[in-house]
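Right, I'll just put the structure down here and ask away after.
Letters A, B, C, D, E and F mark the chains as written, and numbering starts fresh at 1 in each.
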Amino acid sequence: MNFTLLINEGPYQHQASDTAYQFAKAALEKGHEIYRVFFYNDGVNNATRLAIPPQDDRNITENWAALAKEHELDMVVCIAAAQRRGMLDADEAGRQGKDADNIHPAFRISGLGQLVEGGIQADRLLTFGD
Amino acid sequence: MAKLHIVNKSPFERNSLKSCLGKSKEGSTILLIEDAVVGALKGTVVADDLSSAIANKNVCVLGSDLNTRGFTEAEILDGIKIVDYAGFVDLVAEHSNVQSWL
Amino acid sequence: MSEGIKKFMFMNTKAPYGTVYALESLEVVLISAAFDQDVSLAFCDDGVFQITDNQKTDGSGMKNFSAAYKALGDYDINKIYVEKESLEERGLTMDNLMKLTYEDEDDDWAEKTSMYLVTRAELADLIDEQDVTISS
Amino acid sequence: MAKLHIVNKSPFERNSLKSCLGKSKEGSTILLIEDAVVGALKGTVVADDLSSAIANKNVCVLGSDLNTRGFTEAEILDGIKIVDYAGFVDLVAEHSNVQSWL
Amino acid sequence: MSEGIKKFMFMNTKAPYGTVYALESLEVVLISAAFDQDVSLAFCDDGVFQITDNQKTDGSGMKNFSAAYKALGDYDINKIYVEKESLEERGLTMDNLMKLTYEDEDDDWAEKTSMYLVTRAELADLIDEQDVTISS
Amino acid sequence: MNFTLLINEGPYQHQASDTAYQFAKAALEKGHEIYRVFFYNDGVNNATRLAIPPQDDRNITENWAALAKEHELDMVVCIAAAQRRGMLDADEAGRQGKDADNIHPAFRISGLGQLVEGGIQADRLLTFGD
């Protein structure tokens, strides 16, 4: 079976991203597939490559990146939500005339259609939010 | 095929468990995760609501979130089943749709 | 369900403006129209405040996005369910809400309401029929 | 000197207004802002709680947040005063401390 | 109030782990100890869950910060008020909570409790005495 | 009279920062002073200089920056909360070996002591959160 996961809250402030990560790991361990992980609302903030959490705490972005690498996960950040909140990749920063970018290479930026398509293609869509 | 309903907020702080109980059908499953797990405790002001739900729905609680908040199986209402993340995944697979009550 | 068509319900349970969920959920709804799925919207709990009439944001500086709900009919999204008990608990009636309509192409483009007042039990039945439920 | 208590969440969704009403003293002021302004409406399930509060506390609502949500003075309970941001500032200055009930 | 000393109360009303507020509020509390103010903490509503005993986060992967509450005594923060009604509504008693203590330097470093069980009305009185209330 | 404002939520996701901004503007118009604006929790995300909100929407960071310039506001971002969430200035990025930074020059990074000091020095401390 395959799942699309929708994550609507940023890292640390809410448990949503942690729960989604633990769920994804357990699903993959049981042999299921993750069709897509879609980051929306403040969820886009999970994609920053600039975070430096305390050494005795988890690094949520790196956890996702490692899981994605191991299982070739498609991790999509909503472009509109990301622009509103200052999350940019190098292409976007160039196009918008911004002098820096901050998105981790494990994530890709795309439109909301990717969420709807994820709901159509996957057997189940799960929302993790506040 | 029955539906899975997920609640993640404390019923002492938010109305989402109440909303879920009012709009989920008999035979469906309700899973309490994150801050919602405290709704499963014995002797609370929402225990009667949960007991009514247990009568005709399957009520589950995510064990690791319960332990995280300092509680164990001994402290939750009879009839509520504890699941781990693998059990959470099974619940999602066994039900035809999942609704998160945010 | 019909071949390749899924029933999508957008569950709107939160008040607008205090948080962004209503606005950004509406953006998903509008995009979903392009995918030819069976889309409906439910407004219950504080979600009923999303579609109150006469929203005026000049004083608060918030972006007024209420007009976008009126465009739903143009996107062929015309199944909008409002929970009766949620209105009553908040001292509201359908008269407090915007009139959301669509033009029925099978009936000489007559303007018809998109809004259905449903009881909590009826909404529970509708939720139970869905293939995908996106809530916020 | 009396205290100012600020509530910003809908009383239909959260317990923060109830918590504020239970822990604020007679003569204090309660200001409803953001999503909490709907608590000031007539005919709701929390109207009785508000009416009791009005009897011995000053209850105010931020007008621009009320208008933002589609409501005006005509629709709120008698005895609740509407203030603008300048009035909000005055309330903060006139009370000796401010507690936000988050 | 004493010259230059303000009464600071940290109001803890939210459950831990589901949101970060409890953890990051505790960081402010620990810093505040360096400023020689009159600091107290209140735990009410779901805030009482912040100081439950036996928190075990291995399964959830969350950072377990509960031990830091036990260090409050070392920072001379020893006025910790717990609302009785909030415990009762949640089926809890003081036995469910960690034992937070301090060593009294005026009494040969005897270990004493930092925790005071107060009624809602008593907590309202305490809140009313504060100069600064930081809530989360 | 002077006020310290504490902002605990990021831009757009919650109204907290908008309300604090409107309050600050009204207070300054009435002749009061803002001793400090302290950004904590997700509030640190208000300090990004990379946001590109839709053209018909407010730009929350630029609103704060303009108000700060006009009234010489002291806008402080908590360093620990900012590091956790990937908000860095150029100095921090250099020290931490990160390849980019994203904090708007109208804000400065400092420690939590600045919040407590703000509570001591100002006549009133107000919290804006979720």
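Note that a residue touches a chain if its C-beta (ideal position, glycine included) is under 8 Å from a C-beta of that chain, and two chains touch if they have at least 3 such contacts.
Note that the structure is predicted; figures quoted are calculated from it, not measured.
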By that same contact rule, can you tell me which chains touch chain B and chain C alike?
A, D
Taking each chain's centre as the mean of its CA atoms, which one is most distant from chain C?
E
Which pair wins on C-beta contacts, A-B or B-E?
B-E
How many angstrom lie between the CA centroids of chain B and chain F, rounded to a whole number?
38
Please work out the Cα centroid separation of chain C and chain E, and write it as a whole number of Å.
43
Separation of the C-alpha centres, chain A versus chain C, in whole Å, is 27
Which residue numbers or ranges of chain C touch two or more of the other chains?
14, 17-21, 45, 60, 62, 132-133, 135-136
By residue number and range, which residues of chain D touch two or more other chains?
8-9, 12-13, 15, 34-35, 64, 84-85, 97-98, 100, 102
At which residue positions does chain F touch at least two other chains?
8, 12-13, 15, 22, 41, 54, 57, 80, 125, 127, 129-130
So which chains end up touching which?
A-B, A-C, A-E, A-F, B-C, B-D, B-E, C-D, C-F, D-E, D-F, E-F
Complex interface listing, chain C residues touching chain D:
14-19, 45-46, 49, 52-60, 62, 64, 66, 89-92, 96
Residues of chain B defined as touching chain A within the complex
6, 8-9, 33-35, 64, 84-86, 88-90, 92-93, 97-98, 100, 102
Of all residues in chain C, those that touch chain F in their complex:
17-20, 60-63
Which residues of chain D touch chain B in their complex?
12-15
Chain B - residues contacting chain E, complex:
8-10, 12-13, 34-35, 38, 41-45, 47, 63-65, 67-72, 84-85
